[in-house]
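In what comes next, chain A is part of two complexes: it sits with chain B in the first one and with chain C in the second one.
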Partner chain A sequence: MLCETRDLTKIYRGNHGVPAVDRACVSVDRAETIGFFGESGSGKSTLGMMIAGLTSPTSGQILFKGERISMRYPKEVRRSIQILFQHPETSFNPQLELIKSLTEPYRVYGLPYEYSEMLEYLSGFGIYEEHLYRRPSQLSGGELQRAALARILLVRPELIILDEPTSMLDVITQVQILNILKRYQRESDAAFIFVSHNSTLCRSFCDRIYSVQKGVFTPMDKEE
Partner chain B sequence: MNTEKKAGRAARRTFRMNPAMTAGIIIVGILALTAILAPVIAPCDPYQYGVPYEKPSADHLLGTNDVGQDIFSELLYGTRVSLLIGVFTSLVVTVIAASTALVAGYYRGWPDKLITAFTNVMMGLPNLALTTLLVAYLNPGKISIIISIALTAWTGTSRILRSRIIQLCEMPFIKIEKSLGVSDGVIMVKHLIPNLRDVILSRAALSVSNAMLTEASLSFLGFGDYGEKSWGNILHYAFYQKGVIRGFTWWYLPPILCIALSVMGFMLIGYYGAQRKEDGTDA
Partner chain C sequence: MLELKNVSVEFISASSVRAVDGVSMVLRDGSRTAIVGETGSGKSILMLSIMRLLASNAAISGEILLDGEDILKADRKRLQQIRGGIISYVPQGGGASMNPLLKVGFQVGEPLMEHRGVSRREAEKKSIGLLKFFNLGDEERLAKSYPHTFSGGMRQRAMVAMGISAGARIILADEPTKGLDEKRVALVTDTFNRLKDETLLVVTHDMTFAQKVAQDICVMYASQQVEYGTASQIIGDPLHPYTRDMISAMPENGMKYDDRGFAPSHEEDVKGCRYSQRCHECMEKCSEMPPVADVNGHKVRCWKYAV
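Here is the complex of A and B:
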């Protein structure tokens, strides 16, 4: 199993002890896509954030490649688990030109950087040189989401949490994003956790689905 | 050339949109010029003694004080001290406030609790009394005044910046940077501070006006820098040498007007910045 959670619970302060995520036991294997399907506020994004190491759990465990990981992820685990958010317009620093945000992974992980190679890589996501020197506010939602995807795939993650990544996009861009993800999964055996409130999309994109209600994660039949 | 044109257009648009901001910039600009050019434009040496209590005349535009020093020249030189203390205090305030806010807002948990508790205690203390006590303890002088005002004036800015940092940390782009493994220091310097620029600048402008006012109060109370001319100092002597009782308006009114005008100038800039942020009209 690539990643699993054991009795993972999150209780936010001021929520009168009501868990946002209640003893969640979910697992995802390599090359697998699992879905968290539920209403807004049901806790599906919170679990995604905990697995990504961005929110600390109140109790429970997260295991990655069989080893328990604590809140401060080691660099390699950090690199292996990435997250793509719903709102592309807030996925980049509004003060920086796109190129500065896109080259950050090269610097952080010491990846070999060649401008022309980066341009070629980005063209696979429909991002070209003319986009690179603009600020996020000067780009469309679709362009930004493709750029956000390009940035996280640069570090070759093994697990990607997709937090409603297509809900703010038009149908054409949705298809583009999902196709890029499927292609990456075929190439790298990466696992995806797909968070969505769209049942049709969840059923078509995921291998297994967890239904989420009031923080409780229950495996459900895809045909249900 | 193109960039210059764009900058010019942006400046014109800003001025058209906000006359208050324009007024603030003009006032502060005049103040800065006066401070720089004081030795050139001052008609007399402000430290030179002469005939006391002269009324305004062609030789002494604002008359002379109790020891015959030219009040107009004193006023021009006073701009230097007031502005210098205002600006440097604001710098120190901004550094203290930004550092504490970054640690509290970014890391949360016990550092946040500790800093917030300390900020609350500091906010509960009477500022002017504490500043006066500190200046008296450190011996009056420019540096001690700057340190004393800064140590008591950072709390408001820190609290505002902390809440803004907490908001920013909830934004996906900060979460993505964390998820990508970008170090805390880089996130703070490259991603948080640039997004706090407008708040920092507006609060810094307000800090300058606050510091100038406090410096004037301290000097008036006799805790100013004795070796230097400042507006508060002029007021101090006007009051204690009975200039106010005798009705020598040319002695005590000009420093009051200068203090009021400069405080207003910085406040207009500061409030404009804050308003611009709230309206979301920043670039």
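Here is the complex of A and C:
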């Protein structure tokens, strides 16, 4: 298993002890896509945030490549586990021009940087030079989400949490983004956790699905 | 009645971007229209133009007539009356635009205080009623909570409640169902369908939702309106190749799409039809800009239908 959780639980303060995620045991292997399928508020994003190391669990464990990890993750783990948020505007610093946010991984992880190569790479996501010198508020929702995905794939993660990644996209761009992800998975054997409340989408994109109800994660028969 | 006549928006900076290019629409009182289309095609910018909420580097041209009065010429005082009092607007990613420092109940009731002179206590009471109407669950407690304690879906539903709270007669909503699950989409659909006299304009990527709430649909691609007609026509018998591709890429229809790349950059000098690089039916003529053709009252910008 690339990543698994053991009885992972999250109780938010002020929620009267009601768990948002209740003893979740989920696992995902290399080259595999698992889905979290459930209603809004059922706890899908909370589990995703915990695995990504962005929210600390109340109890339970997260294992990555067999080792227990806990906040805050070492730099290599942070690079390996990336999350694409439900709301792309939260992926970017609102004050910064897009170019600053997109070149950040080059600086942080010391990747070889060349402006024209980056432009070439970004055009594969429909992001062009015209977008780079604008702040997030000056871009459309779909453009931001494609930029967020481009930034994530740049660091070649091993596990990507996709939190309703296409809910702000038109149906054609949705297919194109899912194609880009599938291609990346074939090249890299990355694992995906796909969070969605759309059953048709979940079934067509995921190998295995967990149904999520009131914080409880249960393996589900895909054909159900 | 709200009438858009040849509305264009250009952002002037180092490189100028024409985000909306010559859009015309007629929204009769009580009519319901959905705008669908490619991301970045100018849908949100078009809505922001109606509200006059565009960034200062934006130049708008054309006319936006509210019962004959050009909103583009209205002064600040008049705009304040219009915004929220006559036309209300629920922005895209509504959740993120809620004020994190104010309780949800207060925010939902705020337009009532501002435009209807309702007291704070009364407004907060009414807001609980609205939250209940949207079936958010445990509404009294939610009204007393801050937005960050809501899940994304819940915040958005609260924003829809806020948009309709002061009783404006024209409702603009930018992706009101974004991120909501089927059950909640059904609730929002139901709410919009309860508004009988109001004029509705929604931007959405959800074609099923569009069909359920709207009579008319406007399809946008690369800043232009490429098709405009009744919802049943657009979904049942789409004419424009882009609209056809969109319908077959819907999850319900098996997500079929033969990928020919993304829409061109605004800076790229595309001669002729803006869909030509991706269109399967591209002809020689398409290297010139197609005119808008009228097919039984249904407007379509494509050479296939030009006579």
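Rule of thumb we're sticking to: the second predicted complex is superposed on the first by the 223 of 224 C-alpha atoms of A that agree within 3 Å, B and C clash if a C-alpha of one lies under 4 Å from a C-alpha of the other, contacts with A are read in each partner's own complex, and residues count from 1 in each chain.
Methods note: contacts are C-beta pairs under 8 Å (C-beta built on N, C-alpha and C of every residue); 3 or more make two chains touch, one makes a residue touch a chain.
In this text, all values refer to a predicted model and were calculated from it rather than measured experimentally.
> Label the relationship between chain B and chain C on chain A in the superposed model as either fit or clash.
fit
> Mind working out whether A:F125 is in touch with chain B, chain C, both or neither, as first, second, both or neither?
second
> Just to be sure I read the superposition right, which of the two partners does A:I81 touch: chain B = first, chain C = second, or both, or neither?
Only chain B; A:I81 stays clear of chain C.
> Counting only touches as set out at the top, which of chain B and chain C does A:S167 meet: first, second, both, neither?
Second partner only.
> Quick check for you: in the superposed arrangement, does A:E104 touch first (chain B), second (chain C), both or neither?
Only chain B is touched by A:E104; chain C is not.
> Determine, under the contact definition given at the top, whether A:T90 touches first (chain B), second (chain C), both, or neither.
Both partners, chain B and chain C.
> In the three-chain superposition, say which chain, chain B or chain C, touches more residues of chain A.
C
> Between the centres of chain B and chain C, viewed from chain A's Cα centre, what angle do you get? Round it to the nearest 10 degrees, please.
So the C-alpha centres give an angle of 70 degrees.
> Thinking of the overlay built on chain A, is A:A148 touched by chain B (first), by chain C (second), by both, or by neither?
first
> For A:S204, decide between first (touching chain B), second (touching chain C), both and neither.
second
> Minimum CA distance, chain B versus chain C, superposed model, integer angstrom?
Between chain B and chain C, the shortest C-alpha distance works out to 6 Å.
> What is the shared patch of chain A, the residues that chain B and chain C both contact?
The overlap between the chain B and chain C interfaces on chain A comprises residues 86-87, 90.
> Which chain C residues qualify as touching chain A in the complex?
11, 13-15, 17, 36-40, 44, 55, 92-93, 95-96, 149, 151-154, 175, 178-184, 205, 207, 245-246, 249-252, 255, 257, 259, 261-263, 265-268
> Applying the document's contact rule, which stretches of chain A touch chain B when the two form their complex?
Touching chain B from chain A are residues 49, 52-54, 75, 78-79, 81-83, 85-87, 90-96, 101, 104-105, 108-109, 148, 151-152, 155.
> For the complex, which residues does chain B have touching chain A?
171-173, 175-183, 190-191, 194-195, 197
> Contact residues on chain A for chain C in the complex?
Chain A reaches chain C through residues 12, 14, 38-41, 45, 86-87, 89-90, 125-126, 128-130, 133, 138-143, 145-146, 164, 167-176, 178-179, 197-198, 200-201, 204.
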